[in-house]
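Heads up, the next two complexes both have subunit A, just with different partners, subunit B and then subunit C.
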Partner chain A sequence: MDTPKSLKVALIGNPNTGKTSLFNQLTGLTQKVGNYPGVTVDKKQGACKLSNNRTAIITDLPGTYSINPTSVDESIVLTSLLNTADKDFPDVIVVVADVENLKRNLFLFSQVKDLEIPIVLAINMSDQMKKKGITIDVDTLKKELQTEVVLISARKSIGIDEVKNAIENCAEAANTHPLCSINHKIDGDYFKNLKEVSPNHTLYELWLMITQNNFPDSITKEEKIKLLEFTQDVSKVRRYQHKETIHRYQQINEILKRTYIVDRSKANDTRAKLDKVFTHRIFGYVIFFGVLILIFQSIFDWSTIPMDYIDAQFANLSEFVTKQMNTGVLRDLITDGIIPGVGGVIIFIPQIAILFLFVAILEETGYMSRIVFLMDKIMRRYGMSGKSVIPLISGTACAIPAVMATRTISGWKERLITILVTPFTTCSARLPVYAILISLVIPDKKLFGYFSLQGFTLLSLYALGFATAIISAFLLHKIVKVKRTSFFVAEMPNYKIPSIKNVAFDVVEKTKAFVFGAGKIILAISIILWFLASNGPESYKNAEKSVIENVANKNLSAEEIQDKIASLKLEKSYIGIMGKTIEPVIKPLGYDWKIGIALISSFAAREVFVGTLATIYSVESDDENVSTIKERMRAEVNSETGEKTFSLAVGMSLLIFYAFAMQCMGTLAVVKRETKTWKWPIAQLVGMGALAYIASFITFTIFS
Partner chain B sequence: MDTIATLVKGEIGIISEESLDVIPLKLLEMGCLPGVEVELLQIAPLRDPLYICVNGSHLAIRKEMAAQIKIIKS
Partner chain C sequence: MQQIIVYIILAAAIYFLAKKFIFKSKKKDSSCGSGCGKCE
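Let's look at the complex of A and B:
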C-alpha cells in the first residue's frame, strides 16, 4: 500500500489566541526554528502524526489580525499564502480562533477562506465557554462557513485529535468556496475586470496582490502590468478596502447572530479588577518598578551561580586538552582560540535564558500589554513607543535579542530610534570589563559608611547607560525625519496563567537562536584574534631568541623568562603592531599600545577585553588567577611617563569608553538585518565611537 | 462634536458613519467600525493612551487617533 504524502499544514490566527499552544500540542519536541529566506522572521515547523498512515509538517505562521500586513512578521503570512508555487505552500490551513473574540477572529478567517485553500477552523479556549456564558451552535456554524469547525482547548489537550482528523478529512475533500464575494457589493465592473486579468488566480488573490503590491512568481510580466493599472487610483483602492472590511464584518455578524450567544450576566469582571490595579496611576508604576527590580536581581545575582560554574568548567576543559594534546598550533588553536571563544558565548546563556523567561512570562500573562499602556506617553516624548520598553529592558542582557524584539513596534521612526539607542543600555558583556576596571581603580571604601563606593560606581554606569539611551533618543527624535507614518494600536489581551510548556519552549527556542546566531560571530572573531596574536612578521619569530639573549646575564627564573617571551611575542605579533599603530590616536585618552590591543580585540565583542588583558600581561585567564591579573595590571608602569598605567584617570576614561562605544559585531550585524541597510549600523558605529572618544577624553582630562 | 477622546471612563458611544475615512484600515480590521459601540475602559495615568472596548476587542489607542474618531453618545 502506498503511504500518502505528508501534508503541509499552516497555522494562522490572531495574536493571543493560543495558536502557539496548539502548535506545541501538535508537534511537541519535533519543532525546529528556521528562517524565511531574506528576512529574519523565525519560521517554526514541526512534524505531526495525523493518523496511522498520514503525517503532516506543521508551520506556525506569525500571529496577525489580518492578511493585509502592517509589519515584517505579518507580511510573511501574506507571502506564504500567495505563493502557490512555493514548495512550502500549505495543503491545509488551520485558522485558530479565540472563543471570546470569535467575531474578530472570523474576520481573518473570512480572508483566508477567500483564498480557496482547504481550511479548518479551530475555536480555542472552549473550556472557558461556560464560565463566560458563551454557547456556539457548531453544526450551523459549519454549514454557514462551509468549513470543518472544531472546538478545542489547546492548553488542556482537548480536541487535538479532532483537529488532526479535520485536517485529514479536509485535505481529502478539498472543497473550497469563497466566503465573502467581495465583488458585487463594492463595484461589480471593477472586480469583474480585475478577475479577467488572470484566470488562474482567485479574485481575492488578485485583489491582495494589487492592494499589498505583492506579486508571486505565478504572475506573468504582462499580467503584472495590467494589475498595476488597477492601483492607479489610490484613494479608490483604499475606499474599496474599507468597504471590503465592513462587508466582511456584516456577513460575520449575520452568521454569528444565528450561531453564537453570549449571556452577559455570566461574564465576570476579573479583567476589569486586575486592570484597575495594574494600570493604576500609582500602583501601576510601583508594580512595574518591582517587576524591573526582580528582573535585574535575577539577571545579575541569581545567574552568577551557573555562570561561575560554566566558567570553571571551560577552564578545566582547556587545561584537560592542554594536558592531553601534544604541543603545536592545533593545540593552541583549540585551547586559546576555540575553547575560550565557545565559553565566551556559553557563559551568557544563564543571563539570557533568565531574561527570556521573564519576557515570556510577562507576555503569556498579558501583563506586557499593560506595561506598554503605562509607558507609552512617557516614551513618546523621546520619540519611542510604549512597545520600546521591552527592547530597552532586554538590552541589559544583550542588545542582539533586544534589537530583534523591536519588531512589534509598528511606527518605523519609533522602531528605528529604539534600535539605535538600545546598545547604550548596559549589556551583560560590559559587566566583566566594568568589574575588573572598577576593582582596579576605585578604592574599596564605603560611602556614608554603608554603600560600597565600587558598587555605587557600577550602579552609576548602569544609570549612565539608560540616561544616554533616553537623551540620544530625544536628540534623534528631533533630527530623524521619516515620511512613513503609522499609528499605534495595542491589543489588551485577557489575563492568563502562563502555560509552563509554552514558556519553556519559548525560552529554549530563543536561547538557541542567540547561541547559534551570536555565537558564530563571537567564535569566528576569537579564532581571528588568536591568529593575529600568535603570528607576526620576522621580528615575531625572533622574539624568543632576543629575550634569551637579553636576559642571559640576569638572574631570572624560568617562569619570568617565559613571561617576558610571551610579552615580547605579543608586542611583535600582528595585533601588537596594530596596537602600536593606533597608539597616537588613543594617547589623548590616556591609553598605551597594550590597552590599544585590548580595544581592537574587544571591537568585536566587549567581553574579550579581559581575556586580552590577561594575555597581554602574560597570565592565564582562569579563575584562580584573576587576582594576579589585577595585581599585574596594578603594578604595570607606563614606559614613557613612568606613572602607573591604570591610574584613576585611565580607569575612569576606559569605563566611559566602554559605556558608550559600539563594540559589538553581533549587534551591528543584527541592526543591518533589521533595518535592511548598512546606513544605520555605520551611523551607530561612528556616532557612538565619536561620543565614546570625546567623553573619555574629557573624563581623562578631569581626573588627571 | 463628540469623539472617543471626549468619553469619560465607563461611558459608551456609537462610532458615527462619517468616521469611516479617518479610521486606519488596521483599526477597522480589528473591529473598530462605524455603527458599533465603543466603551472607554481606562485612561492611562498620563491621560494617554486610552483603553477601549470595541466590538469585543480590547484595544489601547493614542489620544490623537481617538480624537479623530467621531461618536454619538448613547
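Let's look at the complex of A and C:
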C-alpha cells in the first residue's frame, strides 16, 4: 500500500465532527460511521488516490477535544503528533471541524497548527449552513489561519475532491507557520529558554512534552534532562497552560468575528424543539422506554418467519445428506454434528440483524447521543462517569469492544468499575440463548392484546442486565474509592435522516462478524462434541448389548429399544461421563448432565450453548424424520423426573444464569489486557459466576 | 476411509480451538487494539 510517492495524512478532529465519514469517503473503506460519542478509539488506516497517480495513506486518529489528553485514546493523538521519528508521522494533517461548533473545533486546530506541520482545515456539514443561518467568509478565514480551508459535507460527498487537492497543495507548499505565538503573550524569556533546549523541535512540541510528560524517541537524554527541569515549577506550568488556553480562545474569537456569522433569525432547524422532548426529564425516559419496547417486540415479531424457514432448511439439509450418503461415521458427523451445530448459529441471523439495524438507526439519527445524555444523570448517582454509558450501551453488541471503549474514561477507578460491570449488559451472544429459551418456556401470548409476552421477557432480561451493571457499579464504588471524577463532554450531533448505506454496512458488518466469528468456534466445538458423544470407553461399546439383554426391556417395541440404546450410549459416552461428573453441582439449579455439557462448552462463547444442545440431541435421536432444534429441545424429557427438561423453572433458571455468568473467554482476555493483571478478570469470573449460581438457584426454587 | 476423514476433521477442529484460545499468535502491531487479546 505504501509507495515512495505516497503522502502520510492524519485525520484529527473533535468527536462527532464526521471525521470517520470523511475517512470513508477518502478511502472507500467500510468503517463505522455514527453519532455515538467516542466511536473512534483505534487507529485506522486506508489508502486514498490523489491526482497524478499519487497516493495518500490516511490515518483516522481518535476523536479528541484538544491535544492535552485526559484519556488513553486521546493520548494516541498526542503521541502520534510528537513522535516525528515515527514511520507513520504525518506529512499533512487534516483537521475536521463541525460548522456549528467551529469555535471549539478551532481550539484543537490552533494547537495542531502550532506544531508547524502542514495542515488542512475541512469544515464539515457545510450543507447545514443555510438551515442554521451560518455564513463563512472562506477566503478571509484562509488568510487569517494561513491554511487551506475547505467546506465539505462528508455524508453528501460534497467537497471531497477539494480536500484531496488541498492535501496535495498543502504538502507541496509546506506552509508551517504557527497560529498562536504562545511565547510573546505569556512569558517571552521562559519560552526562549525552552526553545533553546532542542533546535530540532518546535517550541510548541517542547511545551507539550513538558506539560503532558510525553517524550518522544527523537528527544535525546540530555534534552530530556533539561526539559524535566522546566517541569519542576508545577504551579508555573499550570498557570502558563491556563494563559495559553485563554490566549488561544482570544485569537480564535478575533478571527471568527471577521469570518463567521450566525444569524439565528434565518435558522429554521427543529433540533432545539426535538432536544427539549427527547432529553426531557420525564418524556425523555418515556420515549426511550417506548423505543426499547419497539426494538424488542420487533426482534421477536419480525424474525419468526425467516427463523422458521432457516430452521426447516437445516432440517431438510440433514435429511438430504442422510439419504444421499452411505451409512458411516462421516455421514453421522455431518448430519449429527456439523449441520445442527452450524444451524444453531445461522438461525439467529434475523434476530441479530434486526437488533443491529435498530442500534445503527439510533446512532445514525443522532438519538443515541440523547440517550447517552439522559443516562448520564443516572450514571453519576452510581459512581460511574457519564462516559460509562458508551461502553454499557455498546455492550449490547459485544462486551469486547465495549471494554475497550472504556479508554475514553480518564479516571482509572471509574474506568475499572465500568470494565468490571460492562459484561452484565446483554450482548448479542446472549440473544440466541435467550431467544431459544424464551420461545420454549414463555407462552406466545399478547399482553393487553398487543405486547408480545416473549418480547417483554426479552426486554426484561436486557433491563436486568443493565440494572445489575448499575447496582454492581454502586457497590464497587463504595468498596473501591474513586479519587477523582472525570468530566463528561458528550456532543449533541444534529438529527439526521439515517444514511441507508451506513446502516446497511453496519448491519452487514456486525452480523458477518457474529456469524463468522462465533460460527467458526461453534463449528469446531460441534465436531469435538459429536466425537465425544459418539465414542466412549468399554461401557459405551456394551450399551446396545446391555439394553437388549436387560430382562425389563423384553416387552418393549423395537422403536422403544432403539431409543433406550441411543440414550444409554450418550450417557456412557465421553461427553456423558463429563456431564455426569458435574451434574451434582448443577442439579440444584434444575439442570441435567446434558445441559451441564452445554454450560461447559459455552464458556468459550455463550452462543455455543444452543449449538451444543442441538448436537447432543441430534446424536441421541435415532429418529429418521429429522426435526428442528426447537422441536428436539421441546421434546426432551428428564429421565429422572419424567417431566419436560425445559420446563418453566429450568428455562427461567437458565435465563438468569446466562444473564449473570461471565461465560466469555474473549471478554476475560480483553479485561486482562486493559487492566494489565489477571486479578480483575478472575474476580469478575468468580463474582459473576457466584451471582449467577445463587440467582439461578433462587429462580429455580421459586418457579418449581 | 470415512473414519480417516473424520479424524482429519477432528484434528483440524482441535488445532483451530487450541490456536484460538491457548496458543494465541502474537500480532506485529501492538497498537492494533482489535480486542482479540493477541497483542499481549
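Please note the rule applied: the second predicted complex is superposed on the first by the 358 of 704 C-alpha atoms of A that agree within 3 Å, B and C clash if a C-alpha of one lies under 4 Å from a C-alpha of the other, contacts with A are read in each partner's own complex, and residues count from 1 in each chain.
Here, a residue touches a chain if its C-beta (ideal position, glycine included) is under 8 Å from a C-beta of that chain, and two chains touch if they have at least 3 such contacts.
This one's a predicted model, so the numbers in the text were calculated from it and none came from an experiment.
Engineer: Tell me which partner A:400 touches in the superposition: subunit B (first), subunit C (second), both or neither.
Structural biologist: second
Engineer: Touching A:272 in the superposition: subunit B (first), subunit C (second), both, neither?
Structural biologist: In the superposed model, A:272 contacts subunit B only, not subunit C.
Engineer: Taking the superposition as given, does A:246 touch the first partner, subunit B, the second, subunit C, both, or neither?
Structural biologist: A:246 sits against subunit B, while subunit C stays out of touch.
Engineer: For A:255, is the partner it touches subunit B (first), subunit C (second), both, or none of the two (neither)?
Structural biologist: neither
Engineer: Return first, second, both or neither, reflecting whether A:525 touches subunit B, subunit C, both chains, or no partner chain.
Structural biologist: second
Engineer: Should A:65 be classified as contacting the first partner (subunit B), the second (subunit C), both, or neither?
Structural biologist: first
Engineer: Among the partners subunit B and subunit C, which is in contact with a greater number of residues of subunit A?
Structural biologist: Residues of subunit A touched, subunit B against subunit C: more for B.
Engineer: Check subunit A for residues that touch subunit B in one structure and subunit C in the other, and list them.
Structural biologist: Common to the two interfaces on subunit A: nothing.
Engineer: For the complex, which residues does subunit A have touching subunit B?
Structural biologist: 65-66, 68, 70, 100-101, 103-104, 107, 238, 241-242, 245-246, 249, 271-272, 275-276, 279-281, 284-285, 369, 372-374, 376-378, 386, 487-494
Engineer: Over in the complex, which subunit C residues touch subunit A? Could you list them?
Structural biologist: Listed in rising order, the residues are 2-3, 5-6, 9-10, 12-14, 16-17, 20-21, 31-37, 39-40.
Engineer: Would you tell me which residues of subunit A are touching subunit C in their complex?
Structural biologist: So the residues of subunit A in touch with subunit C come to 41-43, 76, 328-331, 333, 400-401, 403-404, 520-521, 523-525, 527-528, 531, 604, 665-666, 669-670, 672-673.
Engineer: Under the definition above, what is the set of subunit B residues touching subunit A in their complex?
Structural biologist: 20-21, 23-31, 33-34, 41-42, 44-49, 51, 55-62, 65
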